[in-house]
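Note that chain A is present in both complexes that follow, paired respectively with chain B and with chain C.
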Partner chain A sequence: MDTIKAVFDYTLKEHLRHKAWLSAALFGVALLAGGLVASALGQEERGRLMLDLGLAANEALAMVSAVFLTVHLVLQEIESRAIFLILTHPVARWQYLLGRWLGTVAAVGLAMAGMGAAHLLALQAFGGAPLLPYLGVLGLAFAKTAVMAALALLLSLALTSEAAAMAFSGFFFVLGHFAPELRFLAEKSGSVPVRTVMVAFSHAAPDFSRLTPREAWSGGLPDPAWFALAFLYAAAYAAACLALSTQVFEQKEF
Partner chain B sequence: MNALVFSGVSKTYRRSHLGRVTETVGLSGLDLEVRRGEVFGLLGLNGAGKTTAIKLLMGLHLPTTGAVTVLGRLVPDVDTLARVGYAPESAYLNKSLTGRENLRLFAALSRIPSSGREGRVADMLARVGLEKAADRPLSEYSKGMLQRASLAQALIHDPELVVLDEPVTGLDPLAIKEVRTLILWLKSRGKTVLFSSHDISEVEKVCDRIGILSGGKLARLMSQEEWRGRPDALEQAFESSVTRTDGVGPIDL
Partner chain C sequence: MRPWHLAAAALAVAACASVAMERRRPWAGPSLSELEATPFAFRDAVLASGGLRAVAADLAWVQLLQYMAGNLPEIEDRPGRRHDRVLQLSRRVMRLDPHFHRAPLYGASILGWFEEVDRPDEAVELLDEAIRRAPEEPLFKLYLAAMAFKRAGDDARMVALLERSFDDPRAPSTMKAILANLYQRRGEPAKALETWERVLANPLDASEHARARLKIVELRAALRAGGRQPWKTQSWPTSRPSR
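For the complex of A and B:
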């Protein structure tokens, strides 16, 4: 546990010193731009626009940061050879990967929390937002980010190219929003190979429909069981990615 | 009792590009034993297999055939690493952290109990002369300071076996002398030291035994008695034992 904490600590410090502030700055710009547009709308639309814009900007910036940071996370440490010194200490490779992933997710999570707090404050000018649903949606966005970070880590280790890992992460991110549709199309397809490929992709990509409470704002929050299942799904998907990453990483020589 | 045993160790690097596979031999059937408490030098030309041997014993590479035993246990073995200190040829440290933060990290990774960690870090920083620069990021350190920080991380957990890969390469004469003093200090405390070098004069001064590697094989094993009091004995032995394998011919002026 001490080992994972040590890797977590230095990863978090590294991110906070380098890049994590950037997403918060971009978020501020997005909110400012949104505010300018909103000033031309009616009171009700203004509040709704600022709410949607803020949540979308928060999630998008967190997602981009998480994928960007994660694909560089291990590959850069291999390139700079700093990994030599870490792995020549009594550190199991799974401990290293878990600590690095947790540190990155925590750094992005802190940025999301900061952006969320700024957003909630800004929303006060437009009549405020209900806190519990807001936190629920933000929590789910964080879970999506953690899932994408685990997937990007796996892809970076398997493909050993940052550009390829980023491209495939983007591909799986898009695919993840259409997982049920893919399965529906697979059912309708008459071709067995096409059906097999579609089903395989729909299961390989994270199913983001499980992490999107569409009814959160219109018909109140989903019940706690739905949330528990959503977080369980995110944890299971991330754990599977990390287990596969460890398998790939164990084979690597430096 | 041996600290380190290479038994018939071979390492072949395979690279595949567009279906074409190329193989490079890093080590070929290496048999070598390093005794506990001795200072052992690995000598050889570039590409002779010195760094490959060190990476195998540190678990960074896996042998193609044969076995490496470190402090009585087959490697790779994570737990054994708690008893080994390693400083690579360059200080591959995380430059975004300060000297103190780096040492804290390695102290934690080396399983030093948290209660004694801060004291140990402060002590090591003082020992390598970095206490004044401890809270500056490593990105501001000079090469000599980085080398000291690298040595500090290798020694922070008081290891039984210390492995130094080219510890004097690129250092100024004063720093070289300090590394020599460090190696002798480790020996006086009963530690086993394995280091690789191109520098025959340094090896002569501190080693109990040396192994000369050539083309991934152990070309010669010598002990101190064979070169002490005989100027140029080691250099002559080296010249007669090694063969260039990198396709470079001699300089002919």
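For the complex of A and C:
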């Protein structure tokens, strides 16, 4: 545990000093301000526009930051040979990966919390937003970001190319939002085997449509049990990606 | 335990959680294949694929407002059909986010009650679909009933129904302006004045405040003049003033 905490601490400190992270946070505040202006076009729906644009900006920036930081996370240390120094210490590879991932997710989570606080303040001008539902959907966005970071880590280790890992992360991100479409196509299919395979695949692929904050909020907020299932889903999916990352990482020889 | 055993177990847990979530709250969003075919369909599909359906619906809503103000050059009306694409553009918002209730209400108001548009069949079509997609919204049914009274020529009951929705924060400001104009057309200037004053007093109806101020001055002057009733011949505003 202490080992993981040590890796987590140095990863978090590294990211907090990272210029890309800081500029993303500043950019997020700028986007929120832009949303404030753009929402004026929505007339009676100004509050809704402000809420949607702010949540979308927060999530998009968190997602980009998480993928960008995670893809560089281990590959850069391999390239700069810094990994030799770390692995000569009594650090198991899974502990190293878990600590690195947790540190990155925590750094992105802090940025999301900052942007969320700024967003909530801005929303006060339009009658405010209920705090608990807001925190719930922000939590979903965070869970989605954490899954995406785990997936990007797995891809970076498996593909060993930053560009390819980023491209595939984008592919999986879009695929993740297609899960309901896959189930829709399965329903339309007349063939039972095709339908079974498609439904199975839609549940095996990351299903980001469930972790999309605004869509969870629309039409009434789900009950707490649903939220618990959503967080369990995200935790299990991230764990699967981290376990596979460990498998790939353990096969690497330094 | 090998890492890949752990990965398989975690994936199984994730799949079970996914199935349980689907059972508790089935996905209710329209499929991408149902998105309205407009010149903006590609953008709508890209945003929806990126998990930004709500934002896509917001942009579509802004474009609907721009269209009504005559500021959307990508969409052209067919000759002789004013605000020809209201149904299409309202449906576009609804299919991106079925819980964006104001868009179908706004579209139905224009289609059903704007004098120069007057396409009640399209209004009914829009409201029917809205009820199917979001049955929890009572205003859809209320507007549909009001539309039925309008088609039956029972204006008194239609106005009474619309009056019931007046203070509902979800009612579009445009519908309130339409109601005020209905009173004016029915030869009830005092009621029309009162309605415009209620619009002006409501900060949610800011988009109609400019018109409300003008109408209040006009109606007060006419009421002071007394006796003469130009109401039934007065033209009915058919669109927002262009900006």
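The criterion applied here is as follows: the second predicted complex is superposed on the first by the 198 of 254 C-alpha atoms of A that agree within 3 Å, B and C clash if a C-alpha of one lies under 4 Å from a C-alpha of the other, contacts with A are read in each partner's own complex, and residues count from 1 in each chain.
We take it that a contact is a pair of C-beta atoms (placed from the backbone, for glycine too) under 8 Å apart; a residue touches a chain by one contact, two chains touch by 3 or more.
Small disclaimer: the values here were computed from a predicted structure and weren't measured.
**Q** Now for A:37: first (chain B), second (chain C), both, or neither, which partner does it touch?
**A** A:37 contacts neither chain B nor chain C.
**Q** Check whether chain B or chain C contacts more residues of chain A in the superposed model.
**A** Per-residue touch count on chain A favours C.
**Q** A:243 contacts which: chain B (first), chain C (second), both, neither?
**A** Only chain C is touched by A:243; chain B is not.
**Q** Examine A:29 and indicate which partner it touches, taking first as chain B and second as chain C; both and neither are also allowed.
**A** neither
**Q** Per the contact definition in the header, classify A:49: touching chain B only (first), chain C only (second), both, or neither.
**A** Once the two structures are laid over each other on A, A:49 reaches chain C alone.
**Q** Please work out whether A:18 is in contact with chain B alone, chain C alone, both, or neither, and reply first, second, both or neither.
**A** Touch partner of A:18: chain B, not chain C.
**Q** Tell me which partner A:208 touches in the superposition: chain B (first), chain C (second), both or neither.
**A** Once the two structures are laid over each other on A, A:208 reaches chain C alone.
**Q** Under the stated touch criterion, which partner chain does A:10 make contact with: chain B (first), chain C (second), both, or neither?
**A** first
**Q** For the complex, give me every residue of chain A touching chain C.
**A** Residues in contact with chain C: 41-45, 48-49, 52-53, 55-56, 59, 94, 173-174, 176-178, 180-181, 183-184, 203-204, 207-210, 212, 214-215, 218-220, 222-223, 225-226, 229-230, 232-233, 236-237, 239-241, 243-244, 246-247, 250.
**Q** List the residues on chain A that touch chain B in their complex, please.
**A** 2-3, 5-7, 9-10, 13-14, 17-18, 80-92, 253-254
**Q** Applying the document's contact rule, which stretches of chain C touch chain A when the two form their complex?
**A** 2-4, 6-8, 10-11, 13-15, 17-22, 24-25, 27-29, 31-33, 48-55, 58, 61-62, 65-66, 97-100, 102, 134, 136, 172-173, 204-207
**Q** Under the definition above, what is the set of chain B residues touching chain A in their complex?
**A** Answer in residue numbers: 55, 58-62, 78-82, 84, 86, 88, 90, 92-94, 96-97, 101, 105-106, 108-111, 114, 150, 153.
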